[in-house]
């Protein structure tokens, strides 16, 4: 088996949605700051982050429509106490399941999708072909957007837009029975140029209406280059009690010497 | 396969070593704080933590002796820039390997070890029996200490002590070729009553001399109850660039209906 | 004029109520981490704190009774949006006014008050004597408790208790027309041994019923030693929009060569 | 006396130099989260900030040249232990002194200075006129830049530049014997378009060579409108042990009914 990293490193200066607090890490103690009698020293750090920073998972409690979360749970009541008592990220089981890649740039013969491009159910059906995702699987939707990760403004695309799934694509994905949609953008949703990140219909459909998790800011560039489209997907969100999201370090396990099976 | 959680939830009020910043999570936005035109809302959080808080992994750069980290790397130079350029947690490959449990309380016929108890190489050899850990494996050393997790003062044992491995046990473990020692205490090391957490010889041996990682604040109570002693161990530290540690959510995968094989 | 510090330094390891996040400061960049072409470098830090940590001011929105803040303002509604839209610390004018010290240990002929001691209206009247506080002034109530500041457990007194003002003392103080009560303990309220910090009646009277601010964790040891009982009081809370408290560095300005005037 | 605010509120979304961690405040507990038996509740917050965020003071240890801070102190040695043992913000006495305003836009007959404009010693001399600052005073240098505070990109001027004092102006100011230069920009220094904030010669001159503090991100718009040019200046940095900066809330006290005296 070959292990492929599907996430980005956590570090200062990463692209970060203006809706969320950014990531900062500062060394609290460096070696030399305090040395014990036998010459030993320990270094450590202070970390500040949001739950939706870097490669992360959205818990179902992240989103509500008209004050209701998935299953009709009252969103206000569930947050009384300062942490969610329903649909928190601590309730999410580890992902250790089949994953299927929909490589949309490959389908369309482009290196990456255009800003604001809408990925439809039809695109996904075609990209999956015979390898459709099923119950308990995760779907990996590639846009090629990590090619812009070094340029946070372009990657976030607040004014310029970001490619992503449309509402009908979200419904199609939920219909397959998957546990989660994994995307290589910061929004998963299609972001039209000039609109910003305020309206995210696919988030509402997946997290609220259908109970499907979302993982964001992954990268499928290395995976896509192998030609593999089926994989063992591994992601273990932290059990942060009552939080709406968690950083993750997702992995793909594929057979060595893999060549596209179709 | 059955999946068993080996970690503790991340939340306010967890036991936390006074050497490290504690964990805090505050909801930044609750549903109702800001609602968009179509009734949608997003909740999120601000998280403050250390890299050695809750269930976590110690990167090799966490420890130094006489200003040198593992392999003789200069500990000061490696931290210039404000994050470690060598032996950082971002360099640690995911753990997806064989794990072997040394159940010391079971060996000794007690529910849990006494405060300050020293686990020796001999204890470990006896507890492993024929199932000794080998190259690339991880060793899980059970003390039963998570039974005190609800009482942070007792669990941390700053004045009362904590059971843990002695220097010779650390060397024995490193000799087996394992990648990491996983412990169910906050210190892994034997902490004698009245000594505090300042001197941690097993940390020096494992992290600096032998290049063996340490994972701490795990729990083996549920695992031990199954009787399983061999398992598939899964832990994926976050790739926090240049950090000395990372929270983890470790898992054991065992065969359903497992009974002690020996 | 002589300037006397009435506050404590902000630093790791300060006494901190378990109800609030503690203070942590980590250097993000040290000199040498990044040096520009002309040899210049800048050091800076990452700070995590609560609004009620170290010497601080309680804004009126810090407290509510039966869901109402001062003036009957609905406490829930005022916090929608994630920061208080009424009675936040940003609405508090700077304090640059007369202050009057009630030196209770001096009155009682003891170095400091006993744990759990209740300061009554009668004690205050006697201690003020002819120098009663009036409209727009602040009252400084000395217990001598900063003598224990180096011992956080004793200072916080979670199990052992803390001296402080009773409900009738709070009402008496509010009747004088003062803007704020300044205390040298972490709770201002009388904390009976074994009760913890959950019930704080003087907080309710001052912040909710009477609209009088509270400043806490001051020290009057140096001031008391001068014999001065009237002073110019200076405290400038930060304008943190919608926060419930702010760190302060309060000062007393007294005439040089002051001797007790009474 | 009339009190005029010279600072900006501390809140999410403030202009913040990319060199420093931004400000975030999240309510940890809102009223209703936890209510005690008698109906009382307390709200509080978690705050993350840098020492150079919003209106703030630069301590002398913020800057070094060739590894030396003011007075030749070794900059590395002084930071060992994780907080500065020399020239930290905790060593800065409160400012309660004469302030003199140099209103450069008024001098030049413009509403505000152009991006990248250099304020010279000659400009300052002319603007001060007979009211030159002297020993122990602070100098307030107005650019009118707070008119752009609502537009963080323009205010910070990373690519477009910011008006500020030249090296010779910094030397002239230090020659007057002042304790601090107060500016209404984020950099104090002249920032030429396209240069970014990396080279700040006036910072080196003031903080390192001359031992003069800098306060930044103030606003003199209201003060300037009164016509007052002499004032009582009040700023009390927090005593954060070993920090390189502190948020401040500076105030000007002027005579009511003030008209420009010259």
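Letters A, B, C and D mark the chains as written, and numbering starts fresh at 1 in each.
Going forward, a residue touches a chain if its C-beta (ideal position, glycine included) is under 8 Å from a C-beta of that chain, and two chains touch if they have at least 3 such contacts.
As the structure is a computational prediction, the values presented were derived from the model and not from experiment.
> Going by the touch criterion stated earlier, list every chain that contacts chain C and also contacts chain D.
Correct list: A, B.
> Would you identify the chain whose Cα-based centre sits farthest away from the centre of chain D?
In terms of C-alpha centroids, the chain at the greatest distance from chain D is B.
> Can you check which chain pair, A-D or A-B, has more C-beta pairs in contact?
A-B
> Between chain B and chain D, tell me the centre distance in angstrom, where each centre is the average of that chain's C-alpha atoms.
Between these chains, centre-to-centre, one finds 45 Å.
> In whole angstrom, what separates the CA-based centres of chain A and chain D?
About 40 Å separates the centre of chain A from that of chain D.
> Would you mind pulling out the distance in Å between where the CA atoms of chain A average out and where those of chain B do?
Each chain's C-alpha centroid was found; their separation is 26 Å.
> Taking each residue of chain A in turn, which ones touch at least two of the other chains?
Only 21, 24, 26-28, 30, 32, 45-46, 48, 82 qualify.
> Please output the residues of chain A touching chain C within their complex, sorted ascending.
On the chain A side, the touching residues are 24, 26-28, 45-46, 48.
> What does chain B use to touch chain A in their complex?
Going by the criterion above, the answer is residues 3, 5, 7-11, 19-21, 25-28, 30-32, 36-52, 61-67, 69, 75-76, 79, 82-84, 90, 93-94, 96, 198-201, 203-204, 234-245, 247, 249, 251, 253.
> Under the stated contact criterion, what part of chain D meets chain A in this complex?
Where chain D meets chain A, its residues are 21-22, 24, 27-30, 32-34, 48, 80-82.
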